[in-house]
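What follows is a single structure, written as structure tokens, with notes after it.
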Amino acid sequence: MKDRKLRFGLPKGSLQEAAIEKMAKAGFNISVNDRSYLPFVDDAELEVRLIRAQEISRYVEHGYLDGGITGHDWIQENGSDVHEVVELLFSKATRQPARWVLAVPEDSPVKSVKDLAGKRIATELVNVTKNYLRRHRVKAEVEFSWGATEVKAPELVDAIVELTETGSSLRANNLRIVDTLLTSTPRLIANRVAWKSPWKRQKLEILALLLQGALEAEAKVGLKMNIAEKNLKNLLESLPALRRPTISGLSQAGWVAVETIIDEHVVRELIPQLKAAGAEGIIEYPLNKVVY
Amino acid sequence: MKDRKLRFGLPKGSLQEAAIEKMAKAGFNISVNDRSYLPFVDDAELEVRLIRAQEISRYVEHGYLDGGITGHDWIQENGSDVHEVVELLFSKATRQPARWVLAVPEDSPVKSVKDLAGKRIATELVNVTKNYLRRHRVKAEVEFSWGATEVKAPELVDAIVELTETGSSLRANNLRIVDTLLTSTPRLIANRVAWKSPWKRQKLEILALLLQGALEAEAKVGLKMNIAEKNLKNLLESLPALRRPTISGLSQAGWVAVETIIDEHVVRELIPQLKAAGAEGIIEYPLNKVVY
Amino acid sequence: MKDRKLRFGLPKGSLQEAAIEKMAKAGFNISVNDRSYLPFVDDAELEVRLIRAQEISRYVEHGYLDGGITGHDWIQENGSDVHEVVELLFSKATRQPARWVLAVPEDSPVKSVKDLAGKRIATELVNVTKNYLRRHRVKAEVEFSWGATEVKAPELVDAIVELTETGSSLRANNLRIVDTLLTSTPRLIANRVAWKSPWKRQKLEILALLLQGALEAEAKVGLKMNIAEKNLKNLLESLPALRRPTISGLSQAGWVAVETIIDEHVVRELIPQLKAAGAEGIIEYPLNKVVY
Amino acid sequence: MKDRKLRFGLPKGSLQEAAIEKMAKAGFNISVNDRSYLPFVDDAELEVRLIRAQEISRYVEHGYLDGGITGHDWIQENGSDVHEVVELLFSKATRQPARWVLAVPEDSPVKSVKDLAGKRIATELVNVTKNYLRRHRVKAEVEFSWGATEVKAPELVDAIVELTETGSSLRANNLRIVDTLLTSTPRLIANRVAWKSPWKRQKLEILALLLQGALEAEAKVGLKMNIAEKNLKNLLESLPALRRPTISGLSQAGWVAVETIIDEHVVRELIPQLKAAGAEGIIEYPLNKVVY
Amino acid sequence: MKDRKLRFGLPKGSLQEAAIEKMAKAGFNISVNDRSYLPFVDDAELEVRLIRAQEISRYVEHGYLDGGITGHDWIQENGSDVHEVVELLFSKATRQPARWVLAVPEDSPVKSVKDLAGKRIATELVNVTKNYLRRHRVKAEVEFSWGATEVKAPELVDAIVELTETGSSLRANNLRIVDTLLTSTPRLIANRVAWKSPWKRQKLEILALLLQGALEAEAKVGLKMNIAEKNLKNLLESLPALRRPTISGLSQAGWVAVETIIDEHVVRELIPQLKAAGAEGIIEYPLNKVVY
Amino acid sequence: MKDRKLRFGLPKGSLQEAAIEKMAKAGFNISVNDRSYLPFVDDAELEVRLIRAQEISRYVEHGYLDGGITGHDWIQENGSDVHEVVELLFSKATRQPARWVLAVPEDSPVKSVKDLAGKRIATELVNVTKNYLRRHRVKAEVEFSWGATEVKAPELVDAIVELTETGSSLRANNLRIVDTLLTSTPRLIANRVAWKSPWKRQKLEILALLLQGALEAEAKVGLKMNIAEKNLKNLLESLPALRRPTISGLSQAGWVAVETIIDEHVVRELIPQLKAAGAEGIIEYPLNKVVY
């Protein structure tokens, strides 16, 4: 059975580095050789292919790949019939979800999708946009944009449907967001036939478990502190964020150590409160994986 | 009250990456978009501006910024009347403080500041240099240097006042250090009016607490080891560096686990001693924040 | 005695960044100034020289350096008479050892070293290759290759002896591996006279201890989890990988915390098993050093 | 009339630098500012827009642009109804025309387009490929490729339609060319309405004349030589490449100077012949423009 | 006399490459070695120093340099008493002179310099700006800007004085030009004492002659064409731009060759006219130097 | 006969760009594809191989290549028995020949090769250095240097033999030149058997002729000027550099045009003299090839 292989697609290009880093955090080290299109992976049961994010769901659907990581947006655009194993919440500096939005020039008369009748819209997500217009019973022309979509309005088109996180690129181009068509996150997907194979399914589930554990760990930190036993109860009651901490004795009588795992983004509010509640020697440390 | 904003200046340019990294370690994620001069920060109460380190104290003094991070050197050079909230000890590979030194060519007759009478000095820190000469009652010409100051002596000027850490760039240019004018570290500063506003002051104090916690953590590590109970007392007495350790029992009878937080730079001397004292399974782990 | 100095060679060029990073992990921070060939190191007892890996053993043998880090391959090629203090297992993404292999074009008639009689071989490792041929009593011409060795066969030479890790560069050039001449890992070596000096030997042994501790930590992680006491025995018996864990009580009655240090590459198999055995709140955290 | 403007599209991206260089050679200097999407052009009657080559013909057809430079391939793919003013033969190092070819893996059974029935083909030129299959009455699936098309066969598709010049990238991927669908060169195109406006048409014709003159000059050189009058007739008769030369007297009696314009790529064969025919002091000089 | 040396300053930094290229076109090849601050120049009578453009006039005035190339702006800012040998018109793609302009936010109430009373202005050209305000009898605060001046208004200052060529960076920052303070071009300057030395003066004059010849050539081209003799008179009369052409006979009876030197930027208008006047075989060729 | 091929080696690496540029100037356009080791060349009779300069003469000698371009230094070092077709004088900014020099630290007692007895010398040119010592009857140790040779003295070796042009890198490392072992220029070489094949010899001679013509042109320029006929004789007599000029009549009576080809590096001295002799409208233009 040592020749069992799971063929797995990772996004090539702008998301490639992030995807390979997440795989490494999950425990699968991939090295890409410029002279060879077959990346090396330190798991003999895994065969990795680097493919454009836009195309992964297509090749998973057709069975050329058993599974892969791609965005919800491109699964929708391709209308691919695949099994979605898990949503992968890549943590980002911005902590804003990636959204495909309908945007128009600041001074455009367009206020809602209804005002788009007879207009021209440029986007990379042609099918999703056409479906959106159909749902709103609006007839407009949708054209495929090969890039730099945000500079096309108003000169070349009336509106665009474009990806944004913080909206700063749209603002820099004097565009106004009218509506959100789709919020997209990365997904681990599987071919429907592969998902029925016990071994492939188990392999994909382990990948999902470890990737989730790694992603979870990016948004969490370990927190330890010392506190006088008499203040402990008050600390725990007043700070429900300290969910199920480990309490252990210290060599110094009357003091205990409290340790817990916590969302990284609440730490900046929590530490001043911990100090106020009598905690000392507060330390925060990084995590590689968190699996509940 | 959700529209409360603290306007905060970070140094643009060579220190920018380090400043943004420290802010992220403190818990404030900033993303800079090349097409937009307003960085995004994941705290709705914070507005970040990237401004040259040389100018931050000026804009904090005038109230265009509520606070900011800049160097002690430029606060002095600008003679800015600002409130200094805290000194931030950015840890560096070199662990040498940044110093502005008076330097002359190796074979210059200048031995002390007194020998500079009638000479010409190039520096980016004109006012600090003039004050220094005035204190020593030396009359010399000080000219503003637009850069590459260290190659100007002796051909274009007699002496320079320049920033150095390890002195290696000065040595490479055959310059000799005569005196140190100023040792500079980063400071978190506040506008004096903003500092009197309770909300802004509290916000600035939290920023200070978390930045200090993150910087402290860069210079510290966690250390854990196992030791036979009979050797514990000896270990703790002979190694005062192991300040207030956490002692916990192990499943193996007669053994305990010892855990502490310690300066990273003493570890290389401590580990051989710990082994000699009977410690086993010594592990060192990284920290994100340390708040006492 | 404060002027005691150990002169230590690190590889310049492609391995330089890795070597400096490992030294930093061991606790010795080195900063390289482009304008100065003497790197700064934050240990007054250490003088670092950056020298090509191919030459380090030669200068250690001759006593220009007291010690250094270089590859086993180049010690062999130079036939250097040095003391090998320790093998340093640099962990890599690929986890494959670096091997010098004899390779020929896919369609070459050469099946073993015996078939090389009268052929021409290009390699950077001329002496090792000549010794290998001598041991197999094969007469062939060995020529020094100045680089890009893998594109020389079959047009310019019949075979090559080249370094490989995953073999992917050889495959991309349609080459087939015939034999392995040498498996090479980094070594910390010492000059034989320096090794007899008590102070230098102690200094070299501390360097070795800390470097090994840092390298060990790269391949290990810390693992913590909570488990019901009733399941603990079963967990520990069925998972011998959890060697000598620390068990501590939790605030929640009937539950304990289990903590251990483990090889990073087994985690991906272990976590699903831990979950199956009833473990909860499994976290994995990174380590800086592990010293047994 | 000083506000007359011709809106002209140039390809953005990989062809941008070449297009701007050719425009400069034609006498129109364009400077692109990273912070502004409107390039500056030193002709007040011209407004330049940088747009993806794939989209230019679409915007010219719709009248958002009066004219532009784009490839014959994308005009065909878009099926754009535009006026083609002139073919622009960009000279290249390779002097090979860019061709869109049908390629299959070396060991594929596919020998001609007829063998593609029921197969899957990846390409960026979907419409051209579908038309090609229709003409040959072959039913096959054509899918849009987002890039890296040449690595898709045979794993993900059976064949590709891809752009090539020298074929070396196809060979490096072990692909075999089966047929050529389209040979493509850059074209200067005009909107049909703009072409009817006398001023716009004249402006476009001047652009065409100057661009052609600049391109012609890239493939030509000036050649001068001295020859004894008695050898002149023989020289001119035996070398028809020296079309309509300028003959002028020299201060040295019995000698004349011969000067002509000639294809750069015949010079390497011509010079040895000229020497053999008695020419001396042969010099070749570069040209900026050649207009017949 | 072979040790005569002229010490000459060229601008370091953003203008360095252009200055070295112009010197090479003038016939003086300079090679800059990263490890040495003394550039090599292939003229034993010349010693080149690379110094910031802002400082060159200062060191020429003081006699540390005999001469140099710098901008009119920085000579004015430094108020340097130097001899201006010649204005050097560096040709640029944009053909716009570099101007220091007073700019304010688009929606600022400031319409003229008079409206600046009591306002704050940021600039790198502090003295020039103060003199300008004094001339207009306006009292305003002028502060030195360390860079990124164009993003400071309106948040940090009310107005800026900044360098611009095409104005596109100002427009991208939503700034409006109120007035031009200074138009600046490069100048070759000399120290007043050096200028009185016959040898140094002659050397500087030769440098000036050759630099001007090289710059002149950048804006000019050679133009040759054939024309029937009967059309020649008409051609020359109707096209005064063809100043003093060289007319020579052709081997073809009744035809002559016309050759002239002409401004490169009129060629795009001239060629269509030449064709209309009966010219054939028009060629344009590049020039290295033009000295009248 | 259309399958005749000449296999030709060009230096890979630091000299590659220059070699390909010279070949293009000679009329042979080569394009290097990163994914393919076989460069494309627009001459079906030529097959180009990119090989390290150090190895080319070896492969030409053995017949794997028919010819190639490499340095005289490496032909000597390899002791290769090849036919030298022509010396190629690559013009350089520095106009200094590349020399291999014996250099020692500034303060070394070594004054001549005789003082090297018993010393250690590092060099990349081991055989040439050993031959040099043998000729001077000096016994010293010569070791192969893998690079960065100039920083090895005095710490690791007593002297070095290293390549230099302007000597500035040696000076920056405080080294003093003791002697010159070899002055090296590029050579076009041929395999001795290939040289006897008429077709290969003719092809190599054409390559040589065109390369020399292109190199000659880099060091020459065309010069044209107008002068009154009465001043012509004086001009030609006093300026012998104007060798065999072309004199032609001008439309303006009493004036002639003088045209010649001249060494580029004398132009800077000649132009002031030409002006003094009454020349007007002096223009200098670039050349592609000069073949006498």
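Should a chain be cited, it is by its letter among A, B, C, D, E and F, assigned in written order, with residues numbered from 1 in that chain.
Throughout what follows, a residue touches a chain if its C-beta (ideal position, glycine included) is under 8 Å from a C-beta of that chain, and two chains touch if they have at least 3 such contacts.
Small disclaimer: the values here were computed from a predicted structure and weren't measured.
The chains touching chain C as well as chain E are B, F.
Note on connectivity: the fewest chain-to-chain touch steps from chain A to chain D number 1. The pairing of chain E with chain F is characterised as different-residue: of all residue numbers used at this interface, under half are used by both copies. Each chain's centre was taken as the mean of its CA atoms, and the one lying most distant from chain B is D. Between the chain pairs B-E and D-F, more C-beta pairs are in contact across D-F.
Of all chains, F has its CA centroid at the greatest distance from the CA centroid of chain A. Computed centre separation for the pair chain B/chain F is 52 angstrom, with centres defined by C-alpha atoms.
Centroid to centroid, with C-alpha atoms defining each point, chain B and chain D lie 57 Å apart. Per-chain Cα centroids separate chain A from chain C by 35 Å. Shown for chain F are the residues in touch with two or more other chains, namely 35, 248, 285-286. Shown here, the protein chains touch in an arrangement that is not a line, ring, star or fully connected set. Inter-chain contacts occur between A-B, A-C, A-D, B-C, B-E, C-F, D-E, D-F, E-F.
Residue ranges of chain E in contact with chain B, taken from their complex: 12-13, 37, 49, 51-52, 54-55, 58-59, 64, 143, 145-148, 151, 155-156.
In the complex of the two chains, the chain A residues touching chain B come out as 93-95, 166, 168-169, 171-173, 221, 226, 248-252, 257, 264-265, 267-268, 271-272, 275, 280-286. Looking at the complex, you find that chain F touches chain D at residues 24, 26-31, 33, 35-36, 38, 40, 42-43, 206, 209-210, 213, 217, 222, 244-248, 261, 285-292.
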